[in-house]
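Structures incoming, each one as structure tokens.
After this come two complexes, each holding chain A, first together with chain B and then together with chain C.
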Partner chain A sequence: MRLAKYLFKRLIIVFITLFILVSIVFLMFRVIPGDPVSMFIDSGLDAESQQLMMKLYGLDKPIPEQYIIYMKNLFRGDLGNSFTYGKSVVEVISERFLNTLVLTLTSLMIAFTLGIKTGSFLAWHRNSKIDLVGTILALIVRCAPVFWTGMILLSIFAFKLEWLPLGGMTSVGQNFTGFWDKILSLDFLKHLILPAITSALYSMATPTLLMRTSMLEVIKEDYIELAYAKGIPEKKVRRRHAMRTALLPVVTIFAVQAGLAIGGSVLVETVFRWPGMGREIVLAVSSRDYPMAQGAFLFIGFATIVFNLIADVLYAYLDPRVSLG
Partner chain B sequence: MKNIFKLFKKNIIGIIGLSIFMFFVLVAIFADQLAPYDPMEIQFFAEGGVKRLLSPSMGHLLGTTYMGRDIFSQMVIGTRIAVLVGVISAVCVAFIGTNIGLIAGYFGGIVERILMGIVDVMYGIPFLPFALILVSVLGPGVQNVILAIVLITWRNSSRVIRAQVLSLKNRTFIEAAKLSGASDFRILYKHIAPNVVPVSLIYVSTSMASAIMSESSISFLGLGDPMQVSWGRILFTCYQSQAMFKAPWWVLPPGIAITLLVLSGYMMGRAFEEIANPKLRER
Partner chain C sequence: MKSYRQILVLLLVAMMLLSSVGCTQFVASTEEPASGDEAVTNQLDPADQVPAIEFWIQTQAADPIRYEAGLMVAESWKELGFEVDAQTREWASMSAEGMKAHEHDAFMVKWGGKPERVDPYHWLYSMHHSSAADEGGYNIAGYINPVYDALAEEFATNLDLEARQSAAMEMQELLARDVPQPPMFKLELKNAYNQAKFTNVTPGVGLGVYSFWNFMNITPKTDDKILNLGQVNDINLLNPLATKTGQDIYMLKNIYDPLVRLDVKGEAVLWLATELNEIDDTTIEITIRDDVKFHDGEPLTVEDVKFTFDFAKEVNSPTYKGHVKSIESVEITGENTVTFKLFEPYAPFISNTLSQCLILPKHIWSKAYEEKGAEGVLTWDNLPAIGSGPFVFDYWRPNEEFALKTNKEYFQKPKIDAIIRTPYAQAIGLVQGLVAGEVELTSANMLPLDLEAVAKNPDIAIVELPDEGSYIIHYNMRTAPFDDVYARRALTMAIPRQKIIDVVLDGGGLSTFSLISETNEFWFNPDVEQLDFNLDAARKELENAGYRWDDKGRLYYPENFQVTPIMPE
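Moving on, here comes the complex of A and B:
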């Protein structure tokens, strides 16, 4: 019951956040100096169509009225048309969004699996040289710009060794019957490996260091002592007893990291020419395709908010000590 | 304040971080003297050909770019933007974040609810996409990059500062100050603020690190100021020219420099964390 009440409260905040996000987007594109008409209407169109578009999006009306029209269009799921693709923004984005999600979730899975293992290993060998070197290494990798790591991995594995493709998501000339057929194909996996590992390396530091700290806390607990006293072998104590408890805080930050990673996907996707939301926003901004940029930004913001909500709820659900006030 | 300095001096990680940071600050200050060439000038051989993609030599310590520009000079001049953006953003971010945290924690009630509500909302805004759009709408330029960074990153410090203030608020010395008739403003800035300085300093250092990373990311995406050399822009040009596969001397230096400078920020942050939280020192 308390959880339901908490959830309700969080949902209200989520709605307020969404409302503000949407309004910020409106302000960014319309109130800031510049010509909103040229931003939202394709200059390639003839004068008559331009007039029509202007009416449709209310660009000739005063700002408050424009805001209402913008909100109405948003509710109907109309984000306008992309100049570059000549299609509706929503249509383009929904496809890109899936691509980003596949890449982000794969890389986070790798980062967390490896991070949890490494973190608990380092904690188990606390105050040794391995621990020190490992912790420093995790910090350094965290500080290396992800696009740079990507460029280096590309040079080595795609250019020098020619093991993996240079970029993109699928090879030219491949035909797929559907989404699952595509993402389960060998060709797709080959394209996925480098970008996934690059961003996994970058996000690995957080779960590693958190798991290490969490393990250090758990090791001091009495029940671990008890497990030893019972004569349970060390490996088993670590796996069965210590790691399980230590996992809790690490698991709860997964969703937070997912939210951050979706925003950060801009960089990895650009380096590897991965056709996702992040790359789309960069392309849209540099080709001044503002309806597209606006739509992509809203989608990324929406995803971030949803992941933050999942994180909050998961945290409250898993840890009874959190006051649900 | 003196105490913080004393503890910092004893912290090895902090000292290493500070040394790396000071090194880059010195390079930034003396950049004009250190750079042997104009970073944007195309270098020619005596007989007239462009010095395209030369590997490192005595004449060009880090080789040349595809356009025949001296990479060492670009690296040296590029330090300026990194240090400038890092320091200015860090100071602004910590100033805003600390003040919001102080006010929210001290006054409580509706003020606190509204301010913390704003922080909640800020967490819903994806940073890089926001920065890209803002810089693209306002036009490229360091000041717009800093604006984008500051507008978003202040959210990180205010929650923690607020929590600190909450724990300080009911201490006896604050009670005493109140009874002796000190104004809210005086209590807040004379008595409470000095106690949150170590925590605030954590955010100065880590915000500097993240600001430098953000600036180089924005420049890498091609939205930096085209008239100014920055490490991110060097990597952008390198990526665009597809020469990264052939010219490791072009790819490696900017990345290493960014990593080191960002690392120095986190190292100093860690030192301040240990100062602010004595429990960590025992480990």
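Moving on, here comes the complex of A and C:
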């Protein structure tokens, strides 16, 4: 009952947040200079054609009217048609989103599995040389620009050694029957390795350092002493007793990172030619494809909020000391 | 308490120091005019100073050539005494405020030398006739000259080639003299391809290896008959009625057929049409081939031809609008003939209208129209695109891969089996792809650094051809100082053309003085005035017009200044 009430309250807040987000994004794109038509004047759109195109996009109407139309459609679940692709925005987003999802899920999985393990390992060996080197390494990787890491990996593994492909999701010239057919192929896996590792390296530092700090706190607790006193072996104390408790804050950060990752990584996707959300957002913004950009931002905002909500609820279940309300 | 006082004292001392510095500056600046012994300085009214120029240039990431060249031009203008504020702008905002709203001072654009611009209607009529000077029009500089307008109208409506040619010559002379928007230089286009795998590369005017003729003629040397085309961007929209980008339009020309095509030099050759019969100035009878089928098996008939032009008008297609507005009616006048009736004589009808309008299958588009309505067919992705051309749409995974396969039943067969196009998102990736052998052809222009990189792969060959389009500075004759012809001429003479070509393009370019390329021999006027880089001549131009300089070298208007918009006869 309490959970239902809590969820209801949170959902109202989510709704208001999204409404504000949509309104700001809508206005933002109409305020920044530029429009989706005049950038193509040089490729052969005369004055009359430009007007026809603006009318076609509904941009000849005053902004308040455009806003009302957009909102009306939004409530019906219609995000409009992309100016660039002539397809519904929902369709374009779902295509790109799947591509992004495969990449980000893989890289987050790698990052958090390795990060949690490394973090707890470093904490266990606190103040040793391994701890120092490990922490510094984590910080260096975190600070290295992801496109740089990507290009270094590319030049070694794809360019020099020729073990892995230069980019893309699959080798050129393969026609697949569907999404699953594509991502279950060995060829796809080869293409996934470098971009997944690149973004995993980048996002690994957060869980590593967080896990380390969290573990350091937990280790001081009395029940760890008690566990030792009961004669439980060190490995088991670390795994069963310390790590489980220390995982709590990492769960939260996972949810937050997963929410953000939905938006895809512009840089990783550009360097590795990955046809995901990040690249699409950049294209949409630079070509002033308003419906597309608005839809994408709304989608990311929605995902971030939902994942945060999930994290909060999950937290309450994992830690009985936290109560909802 | 004590430390507070210390800080306070420190602050006070700092303030005194600062103010004394400020004072000395102030004193110095008030004294200067008094101590200056040149009498002229005193008389120069600050209100007479030539207003500063806001010069928009592209960001370095978007176009390194325009960025570097823009900075060099700005420096040179400053040397003349103009105040120049060079600002980098994103293309979207530059195009909205400059190209469309005409609210710029000056900015730089590279106008593409597309094949349909070989007939210089675009350069000479659209870009300089006074009717196109309003918002959104191509006359971005706002050039208004009645003498020119008269020549432009003659050029546009007289069907006699020689009369058009002589008008074009005179128009180029006027433009070179009045410099409303001077061309500066053009590139030597360099396209790369894999010579171990392909031969017979046939670049076409303005498009390089992205030309239709290249896709028709390029011949595989090995059993691998699939051409891997690498480009930076993906295609966007394959709807012939609503697409905006050149990349889309020229890709569509492989899938759809026009009645005539422009050959590698930009001259019209018959394609779907087998005969053009100009009955009078405004009536053209066209016979079409009877052996062409759409990719879904339906035959292409005169019905489809008539439908295409009527339909484009009816739904108000933005892409076709400019081309079909000269047409009054299209009538079927025989089994394989249609007759076009024009409102008035329109000289580039064959080279622009007929070559640009792709013939649509009536059975598909009339059905789409019933389902979606007029707006619906214009905001439709039209996938799979069904045309009648030599290539058939195969599949497209956006931002990933786009594939066309050869139309086996076409009357003229390409030598390759398929084209697979990969968008690389960034030029550096594309170059890497070339070196690694992933890309076999690209129409992306190779810059000096790219050439160095691809030299590592001995299989990569470069084809060169001059670009037909130029880098142009659009002045704005609606604002000062560009409203005055002498200022414009002087500014033009301060454009360091050769230096830009040597430094930025590593020699791979040519200075231009007419918007028409010298390779376009029939229309090009080689005898126009050439306002090439010459700072002394530029100063002289200003001096003769009465412009003055103060002792800091800043430029002032003449006394009792009267604007001279165009050169007096």
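Assume the second predicted complex is superposed on the first by the 269 of 325 C-alpha atoms of A that agree within 3 Å, B and C clash if a C-alpha of one lies under 4 Å from a C-alpha of the other, contacts with A are read in each partner's own complex, and residues count from 1 in each chain.
Note that in this section a residue touches a chain if its C-beta (ideal position, glycine included) is under 8 Å from a C-beta of that chain, and two chains touch if they have at least 3 such contacts.
Since we're looking at a predicted model, the values are computed, not measured.
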Which superposed partner A:95 touches (first chain B, second chain C, both, neither): second
Contacts of A:169 with chain B and chain C, given as first, second, both or neither: second
Partner chain in contact with A:286 - chain B first, chain C second, else both or neither: both
Touched partner set for A:51, first chain B, second chain C, both or neither: second
Partner chain(s) touched by A:209 [first = chain B, second = chain C, both, neither]: neither
Contacts of A:159 with chain B and chain C, given as first, second, both or neither: both
Touched partner set for A:81, first chain B, second chain C, both or neither: second
First, second, both or neither for A:271, with chain B first and chain C second: both
Doubly contacted residues of chain A, that is, touched by chain B and again by chain C: 32, 34, 154, 159, 270-271, 286, 288
Chain A - residues contacting chain B, complex: 13, 16-18, 20-21, 24, 28-29, 32, 34, 139-140, 142-145, 147-149, 151-152, 154-155, 159-160, 216, 259, 262-264, 266-267, 270-271, 278, 281-282, 285-286, 288, 293-294, 296-297, 300-301, 304-305, 308
In the complex with chain A, residue positions of chain B that touch it: 117, 120-121, 123-130, 132-134, 136-138, 209, 213, 216-217, 220-223, 232, 235, 238-239, 244-245, 248, 251-252, 254-255, 258-260, 262-263, 266-267, 283
Residues of chain A that touch chain C when the two form their complex: 32-35, 37-53, 56, 81, 84-87, 92, 95-96, 154, 158-159, 166-170, 172-173, 175, 269-271, 273, 275-276, 279-280, 283, 286-288
Residues of chain C touching chain A in the complex: 90-93, 95-97, 99-101, 109, 111-112, 114, 116, 122, 126, 132, 134-138, 226, 228, 236-237, 239, 242, 244-246, 249, 316-319, 321-322, 325, 375, 378-382, 394-395, 397-401, 403, 418, 420, 422-426, 429, 432-433, 436, 438
